[in-house]
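Structures for review follow.
Both complexes shown next keep subunit A, but they swap its partner, so subunit B is in the first and subunit C is in the second.
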Partner chain A sequence: MFLHEFNPSVKAFTVIVCVLILSVFFDPVTPFLTLVMTAAATFIFGRVSFKRWILLFSPFIFMAAIYIWSALIFSKTIEGETILWSWGIFTLTEEGFLRALSLGMRVLSFTSLSLLFILTTKPTEFLLSLMQQCRLSPKLAYGIMAGYRFLPLMKEEFEIIRSAHRIRGVPKARKLSEKMAELKRYAVPLLAGAIRKAERTAMAMESKGFTGDKNRDFHHKISVSWKDWACFTFFIGAVLGSAYISWLFGFLQLYNGEL
Partner chain B sequence: MELQHNRHILKTEQLSFRYEDVKKPILKDVQFSLYPGEAVLLLGPSGSGKSTLAFCLNKLYPEAVDGKLDGTISFKGKMLEEFGPGEINQHIGIVFQDPESQFCMTTVEDELAFGLENMKTPPDEIESKIDEALELVHLLPYKHSLIHTLSGGQKQKLALACVLSLKPDILILDEPTANLDPASSYELTRIIKELKENQTFSLLIIEHKLDDWIDLTDRCVVLNKEGEILFNGSTAECFNQYAEELLHEGIWLPSAVRAGLLGKKEGIYKGEKLPLSDRELIAGFANPICALQILDNRKKKHQAHEEQIILTAENLSFNKAGKDLLKNISFSVKKGEFVAIAGSNGSGKTTLSRLLAGLYTPSKGNILFYDSSLSQWKEKELRQKLGYVFQNPEHQFIADSVYDEIAFSLKIQQIPDADIQKTVQAALLQVDLLQCADLHPFSLSQGQKRRLSVASMLVNDQDLLLLDEPTFGQDARTSGELMKLLETKIQSGGSVVMITHDMEILHSYADKVIVLSEGEKIYDGLPDALWKKDEIMKIASLKVPYLEKLRDDIGSIAGGKKLVLT
Partner chain C sequence: MLEKWKLREVIVLSVLAVVFAVVYLVFLQFGNVLYGMFGLIGYDLIFGIWFIVSIIAAYIIRKPGAAFLSETIAAAIEVMVGNAVGPRLILSGMIQGIGAEAVFAATKWNNYRPWVLIAAGMGSSVTSFIWGYFISGYAALSPGYVTAMFFVRLISGALLAGLLGKWLSESLAKTGALNSFPIGKELKRGKPENGITA
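Coming up: the complex of A and B.
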């Protein structure tokens, strides 16, 4: 079974539960194993190319590195910890190192879980599933769907307004005050344009008989089957398994307000 | 007409509508009925409330806006208010003007399913209904396509399919072809004609360009500027008796009627009634070939062209996101020349105009404006010599009042206030907007917006004016006034480069035509020679202008006669 066929609502639920379980533990091994498992699942069952994945993942690697670094440098040293290295006011202890690593791994494991969801779920299907499984109001869901279509148009609109100013010979804004004035000039027409577009789309939806009625039979049915729950169990099992392995090697620790 | 004896399907009585904060009503005492199976053309100058009427009939108004509706509308004898929410939309469907903003899903199939789901169609029937509706508009191969990848014409066909899938009793078309190239728009009318022959719905059509519609309408309802009904009766009677009044209101006439009217004035048209078809028109001329010459409204070509070239495009290419939007385009614009750019939707016309205006930078190639490359010009100086008019006038407005809109670029140049005032007054007078000087640009009517957008580009007395489809969706009067402004510009030594779908403009005004297809220049030359290049015309989705078509028709009739004689 591919992750694309995994029911989006159950998938989202799975990711949330995994994140919650992970936050109970505070050791580097559990999140690391989960990260490896999630990434592998994304490549094998999600058929996501490594290139695309790493492109989205790399900013978080950077972020994690900064976390680890600052946690290392500015960690408080508690009596009785094994000192690995010390220089002036900086002291690096083994426990401090593990804490920093745990934090970094935590960030990365959360990221990989989120990416697994984002890269294998179509927004439309997620919204349809939310309506069908979670009783999300159609008014809200279809509103979001229509809005989603508008996002790329906003950029276009911005370009148009800028061109409109340029053809009148408005010089390029250089100073900060000029830039602020420019932003102010653009904001009103940009908003006005968005509102006009939204109004038109609302009318088009209404003209197709959309009332926001909750009793709706869908053409595109998003169902939940035993497979989805099997998938759910698999992921939860994998996270718990990571914790078990971590425990076997003696790393496992419950989160106890270390940060 | 026997249809009229049937019971009406839709009826309005003393229908008035006005926006809450405006005193003047948009519609005033509108009273008309629609009968089953008939096709009615709703005419009126821009701002006469045609769209408003359509939205009222569909119950979109007054709910969607802060407006007040007086009078009654009934559908099959039942008041519109008595229908539950969304209920009437199954019976009365509408196709809007803008292909971009009438969809709310991402794929063709989902969009159709959306409407059917709203109508509580049983899920197992939806699939077959989707296929059926797509088949009707010849879009079945695109069932799983993403909507944003479709062309403008395909989008309008999809909008039509969405409405048809609900099996409406009444179909309202609100300027469905306004944004389409000539061939796509013709195709859409043919599909509608085909549908009308095989289905039983009534049609209410709002359109400016009537030629393609006239043979499928039974009746005309005309609104005047005040939103009152000026005429309600058969199409033939409408154009036969009221052509002059319609012209006076600024309403487009079908080409045959216009030619007939002109012919009558010149005393060469002998028919009793004004003609509705070309056949009638030709039959009414004593000497058709001679009449052609009189009807030919081509402007006198500027004999003494100054040979100074002011703009040269050299091997222009432009790519964006890995796509080649323009490939290796070269041409030049002379002083005092009117150059038209034509081509199908999505052929790269707008991109080219933006490049010429210096808004985009070419990926390859160079644009020379007065011997120096566009990139070497200082922004401020360039804009005093080169003007650009957007396709959508609203895109261009940046000030809070009509006066400031025109004064804007003058203020940037730090011209003394007294001079600005004089220049602005003169410009406003020229485009007949003096009385609107204090209004907000967005509160103007469609035609006024267009004139303002052009006027703001005329104040600097630029040498070159680029216009992106300035006449689309405009009524006859606005269109005429606009062309007059451009003519003045040319006569005073300026040059005009204009993108247009309007073949009549090409025919009557252009000195040179450039045809684009998929980013490549496929024609560069005189308009007259273009009409004979069938292949180019077909690739670029162009249509021959009316007079050329008439010439062909006369030729073939004459040829036919000769055959009979020999």
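Coming up: the complex of A and C.
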């Protein structure tokens, strides 16, 4: 079974449950193993190219690096820890280093799970699935789809406003106060235009007979089968398995107040 | 909850959420820069911006759930546009929305004075901080630093969400685009000398 066929609502639920399980533990090994397995699943069962994946993933490597750095520099030092390195007010302990590494790996494992979802799910299918499986209000779901379609229109409008400003000779903003005024000059007409369009869209939808009733028909039906729950079980099993391996090697720690 | 909403209000809410989802993504990059410069507290400096849609939506639509739903949808859109924080971000959005919604609920969705809007921004700061404390492992940082982060975020929520949201909503109302909403009617009634045209 490929991840594209995985029911979007169940898939989102799987990812959230995996993240919640991961956040119970606090060690570098569990998130690392999960990260490796999730990435492998994304490539093999999601047929996502490595290039596309790493492009989205790399900013988070950078973020995790800063996370580790921040946790190292600003971490509290507890009495009786093994000191690895010390310079001025900065002290690096072995425990502190493990904590920082755990934080970094945690961020990366969350990211890989999220990427698995994003790269194998179409937004429209996700919304349809939310309506059909999770009883999301059609008013809201179609509202969001309409709003989503506004984005390219707003980009166009932004260009128009910019050209209009240029033609009328609005000077370039330099000072902070000028920058704020410039922000207002763009934000207010863009938002006002979007709200006007939203009202017109609502009127159009209602005139075509959209009532927002939950008991409606769908042209594109999205179902849940035993395969989806098998997939769910597989992922939860993978995360728990990582925790088990980490426990075998004596790294596993529960996340609690002492950290 | 949504049964009592007019379709017009739902679509306006969705559009606001979509627009601010993009704004949020832009600020995420900006936040990363601040993060690199100041460490984790860099995020807290501008954290308030991520609550602004709650304030704007609630101030404009003035119905129970506006703050919560707008923030949740904005987070969902961020995920769909392609933010690698992923579905977890939807949970964060919900938690931020609950903070603001709780403040509006405390006034029975009747009071939209400036101090309520500021308190709502701070409400989001509080709930998001508690969530962040557990999910991002702030507990690993020194208590003094965490306390500083909390206060910076509280101020940021008050200013960047509460006050900026109020100001932006009112600027919008002055264009006349919100005339069919309570905020537009209020502005018309309160200050007719402003020269508002429909």
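By definition in this document, the second predicted complex is superposed on the first by the 255 of 259 C-alpha atoms of A that agree within 3 Å, B and C clash if a C-alpha of one lies under 4 Å from a C-alpha of the other, contacts with A are read in each partner's own complex, and residues count from 1 in each chain.
Everything below uses one rule, namely that contacts are C-beta pairs under 8 Å (C-beta built on N, C-alpha and C of every residue); 3 or more make two chains touch, one makes a residue touch a chain.
What you see is a predicted model, and the numbers here were worked out from it, not measured in a lab.
Peer 1: Under the superposition described at the top, does placing subunit B and subunit C together on subunit A give a clash or a fit?
Peer 2: Aligned on subunit A, subunit C fits beside subunit B.
Peer 1: With the two complexes superposed on chain A, say which partner A:R168 touches: subunit B (first), subunit C (second), both, or neither.
Peer 2: first
Peer 1: So, A:I195: does it touch subunit B (first), subunit C (second), both, or neither?
Peer 2: second
Peer 1: Examine A:L103 and indicate which partner it touches, taking first as subunit B and second as subunit C; both and neither are also allowed.
Peer 2: Touch status of A:L103: second partner only.
Peer 1: Answer with first, second, both or neither: which of subunit B and subunit C does A:F218 touch in the superposed model?
Peer 2: A:F218 contacts subunit B only, not subunit C.
Peer 1: Tell me which partner A:S207 touches in the superposition: subunit B (first), subunit C (second), both or neither.
Peer 2: In the superposed model, A:S207 contacts subunit B only, not subunit C.
Peer 1: To the nearest 10 degrees, what angle do the lines from the C-alpha centre of subunit A to those of subunit B and subunit C enclose?
Peer 2: Angle at the centre of subunit A: 70 degrees.
Peer 1: Is A:I160 in contact with subunit B, with subunit C, with both, or with neither (first, second, both, neither)?
Peer 2: So A:I160 only meets subunit B here.
Peer 1: Counting touched residues of subunit A, say whether subunit B or subunit C comes out ahead.
Peer 2: Touching more residues of subunit A than the other partner does is C.
Peer 1: After the superposition on A, what does A:R185 contact: first (subunit B), second (subunit C), both or neither?
Peer 2: In the superposition, A:R185 touches subunit B alone.
Peer 1: Which holds for A:Q133: it touches subunit B only (first), subunit C only (second), both, or neither?
Peer 2: neither
Peer 1: How far apart, in whole Å, are the nearest Cα atoms of subunit B and subunit C in the superposition?
Peer 2: After superposing on chain A, subunit B and subunit C come no closer than 6 Å at C-alpha.
Peer 1: Following superposition on chain A, which residues of subunit A contact subunit B and also contact subunit C?
Peer 2: Of subunit A, residues 146, 189, 192-193, 197, 199, 201-203, 205-206, 210 contact subunit B in one complex and subunit C in the other.
Peer 1: Report the residues of subunit C in contact with subunit A in the complex, numbered from low to high.
Peer 2: Spelled out, the residues of subunit C in touch with subunit A are 2, 5-8, 10-19, 22, 32, 35-36, 39-40, 69, 73, 76-77, 79-80, 82-91, 134-137, 139-143, 145, 168, 171-172, 175-178, 180.
Peer 1: Which residues of subunit A touch subunit B once you look at their complex with the stated criterion?
Peer 2: 124, 142, 145-146, 149, 153, 160-161, 163-172, 185, 189, 192-193, 197, 199-211, 213, 215-221
Peer 1: Which part of subunit A faces subunit C closely enough to touch in the complex?
Peer 2: 12, 15-16, 19, 23, 26, 56-57, 59-60, 62-63, 66-67, 69-71, 73-76, 99-100, 102-103, 106-107, 110-111, 113-115, 117-118, 123, 126, 137, 139-140, 143-144, 146-148, 150-151, 154, 184, 187-199, 201-203, 205-206, 210, 212, 255, 257-259
Peer 1: Inside the complex, what are the residues of subunit B that reach subunit A?
Peer 2: Going by the criterion above, the answer is residues 55, 58, 60, 63-64, 85-87, 89-90, 93-94, 96, 98, 100-106, 109-110, 113-123, 126-127, 130, 148, 162, 166, 354, 357, 359, 379-380, 382-384, 387-388, 390, 394-398, 408-409, 412-413, 442, 456-457.
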